[in-house]
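Working notes, structure below.
We call the chains A, B and C, going by the order they appear; numbering starts again at 1 in every chain.
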Amino acid sequence: MLEREIVVVGAGPAGLSAAIEAAGAGARVLCIDLNMRPGGQLFKQIHKFFGSSAHRSGTRGIDIGRMMLDEAEDKGVELWLGSTVIGLFPGNKVGVRHGQDGTAGAFVTVHAQKIIVAAGASENVVRFDGWTTPGVMGAGAAQTMVNVNHVKPGRRVVMLGSGNVGLIVSYQLMQAGCEVAALVEAAPKIGGYAVHAAKIARAGVPIYTSHTIKRVVPDESGRVCRVVIVGLDDAFQEIPGTEREIEADTVAIGAGLKPTTELLALLKCDFTFHPVWGRVPLHNRDMETSQEGVYIAGDTTGVEEANTALEEGRIAGISAAAALGYLSEDEAKARKDEIWARLAALRMGPFGEKREQAKQDILSAFDESRGGLAAV
Amino acid sequence: MPLLKCGYLTYEELRALRAVPSDARYAKGPVAVIECVQEIPCNPCETSCPSRAICVGDPIVNLPCLAEEQCTGCGMCVAKCPGMAIFVVDKAYSDTTATVGFPYEYFPLPEEGAAVTAVDRAGQPVCGGTVVRVMNPKAFDHTPVVTVEIPKAFADEVRGIERGTC
Amino acid sequence: MERYDDEIIVCRCEEITAGEIRQAIREGARDVTGVKRRVRAGMGLCQGRTCEKLVQQILCSELGLRPNQVGASSPRPPVRPIAFGELADGEVV
C-alpha cells in the first residue's frame, strides 16, 4: 500500500489551493483528479473574476488556473490525472483507479494520514417532455464544449436558468459564435448578477422570466429542433394559452448544482440538510468533518463560487498541514483567521448573505453534534 | 424592478439607483459611467484606475463611486470590470455627436471607421454610428474597448453595437 | 398533466418513467431508497447522480413532504465505474 501524508481528492480551485498550502508548509501531498487536465472549472472560466485583488479579481479563471498549476508544481504537489477515487475506506484508505493514459487504469490503495475531499458538484436537471432528447445538455456541459473542447454544442441555443451559470454560459456561447434564442427562468426574477444579465440583454437575447420549458420537439433525426416554453403563475403552475415555440437545436440547463458528497457518506461523516445547499457534510472552522483527519472544501461543502472554493481550500490545507505538525498552532490560527475574514467579505451583499448564514448554520450544527458549544 | 425582470435598466432607472456623472462633467468630455447597481464583492475598477477616481473601499460589496473631476475617461476600468458594467461617454465630442465606449469581446472586432448599428441596453437598434476607436492593448487582457460616434441625443441610450454588422 | 408526464423518463440509465416512480409510491415507497428498491431508479451507471433530485421532487409532490423528508441515495463503492479487470489486477487491501 502506498503511503502519503495528505491525499486531496479533486484538483479544482479548492483542491489545488489546499494542496498548494499543505505542500508549501512541507507536507507530502498527492492530489487526484479524474480529468486528464487539472484545474476543475477554472479552465472553463474564460471570464474575468469578481472579488478583491487578494482573489486576483479582474483576472480570467483560465489564467488563475495556470498560475495555480505552476504553483502546485513549484511546491512539489504530486498530481495523478485521469485517476478516479472509487471509494474511501475506514483507516484512511483511499481506493484509486490510477489512470495511465486515460483508457487503461490500475487499482491502487493509498493510505493517507489526512484526506481532503474537494470533489466539486454535479449539475441538476429539469424534467420536461423531451429532456433526454439529443441536444439537451447541462449548461456546464455546453461550457466545457465551447471553452475546453472548442466545439459548438449547436447553432441556436435556449438556456434554461438565469443563475450566474446560465447567464455566463449564454454569453460565452455567443462569444463562440452560437446564437442564444432565449433565456428562460421559472422564477419571476433573474437569479444571477444583474451585470451578467445586462451583458446578454445588450446582445439582444430575450429573457423570459416566469417561464419554463414545457416540451422539446425533435426533428426526424431525433435531435432538438423546436422548444415550447410556457408562462408560469406565482405558484409556478403553467398558464394555459401562454405557450410559445422557439426554433433551436440545443437546450442548455443551468438549474443549479448539487455537492458531490458520496465519498464522505461512505466514511459515515455527519450530514445535515440545509435549505440553501441541500444535504451537505458538517464541518468545523478547520474544514474538518465529523471524521477526524478528513477535511472538505469548495462546492462539496455547499455550492458557492471559485473564490470561496479557493479560500476554503487554503483553510483545509493549512489545517491538515498543522495537524501533521508542519505549522505551529498559532501560525495556523493566524492564517486561518485571516482567510475567514476574507470569506466573510465575499459572503456579504444581497447574493452572499444567504450563504454566510448557511455557513454559520453548518458550523453551529457541527458544534452541536459534537456536544460542545450547543446553541445558547 | 425591470433590471431583474428583463436584464437591463433604462437610464432613468439607473439614475434612481446610483450616481451618474453630472451634466457639468459630461460637458467637459469623456467620463466613466458606472452601471453597477448590486452590492457584489468586487473591486477591480478601484484598483485599476490610474487616476484613483473610483472608490469601493471596505467592505468590497460597496457600490463603486466616481470622483468625476478626477476621471480622465481613459477606459481602463471599462476593460477591467468583470461585469462589463462601465462605459465611457463623451458628450463633448462635437457639436452634434457624442461617443460611447464599451467593452466588446466578440469576433469579428469592428474596424476603426466602420459604419455600425448602435444598440441600447436591450440590444435594440437605436441609430447608426461610426467606430472611431478600438483599443485592445495587452493591459486590457482580451477585453477590447470599442468607441462609437453617434448623434448626441442617444448618448445615454447607446451601450453597444449589433454584432456581425461590421 | 399527470398522464402526459407519466411517460417522461426520470432515470435515464435504467429508463424508468415518472409513471413507474408514481406507481412505486402507490405501492408504498416513501423515500429515494424505497423507489430504488422497487423500480431500480438510481441503480444505473451514474448511481442516481442525475435523477436523485427528480425522484425526490416526485416523492415530495406525491406525498406532500419536504425535501429533507424523502431521504437520499446511499452511496456504495465503487462510487465511479471501474473495470473488473482493473480491480482484479489491483492491490486490494
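In the analysis below, a residue touches a chain if its C-beta (ideal position, glycine included) is under 8 Å from a C-beta of that chain, and two chains touch if they have at least 3 such contacts.
Note that the coordinates shown come from a computational prediction; the quantities given were computed from them, not determined experimentally.
Chains that count as touching both subunit A and subunit B, per the definition above, do not exist in this structure.
A centroid comparison over C-alpha atoms places B as the chain most distant from subunit A.
Chain centres here are Cα averages; for subunit A and subunit B they lie 32 Å apart. Subunit A and subunit C have CA centres that are 22 Å apart. The mean-CA centres of subunit B and subunit C are about 50 angstrom from one another, to the nearest whole unit. The residues of subunit B lying in touch with subunit A in their complex are 1, 3-9, 35-44, 47-48, 59-61, 80-85, 105-107, 119, 121-124, 141-143, 159-160, 162-163.
Across the complex, subunit C meets subunit A through its residues 1, 4-5, 7-10, 12, 18, 47, 49-54, 57, 67-68, 72, 74-80, 82-83, 86-87, 89-93. Residue ranges on subunit A touching subunit C, taken from their complex, read 1, 34, 84-87, 89, 93, 95, 97, 104-109, 122, 124-125, 127-129, 131-132, 238, 258, 260, 262-263, 265-266, 273, 278-279. Residue ranges on subunit A touching subunit B, taken from their complex, read 47-53, 57-60, 174-175, 177, 183, 188-190, 193-205, 207, 209, 307, 345-352.
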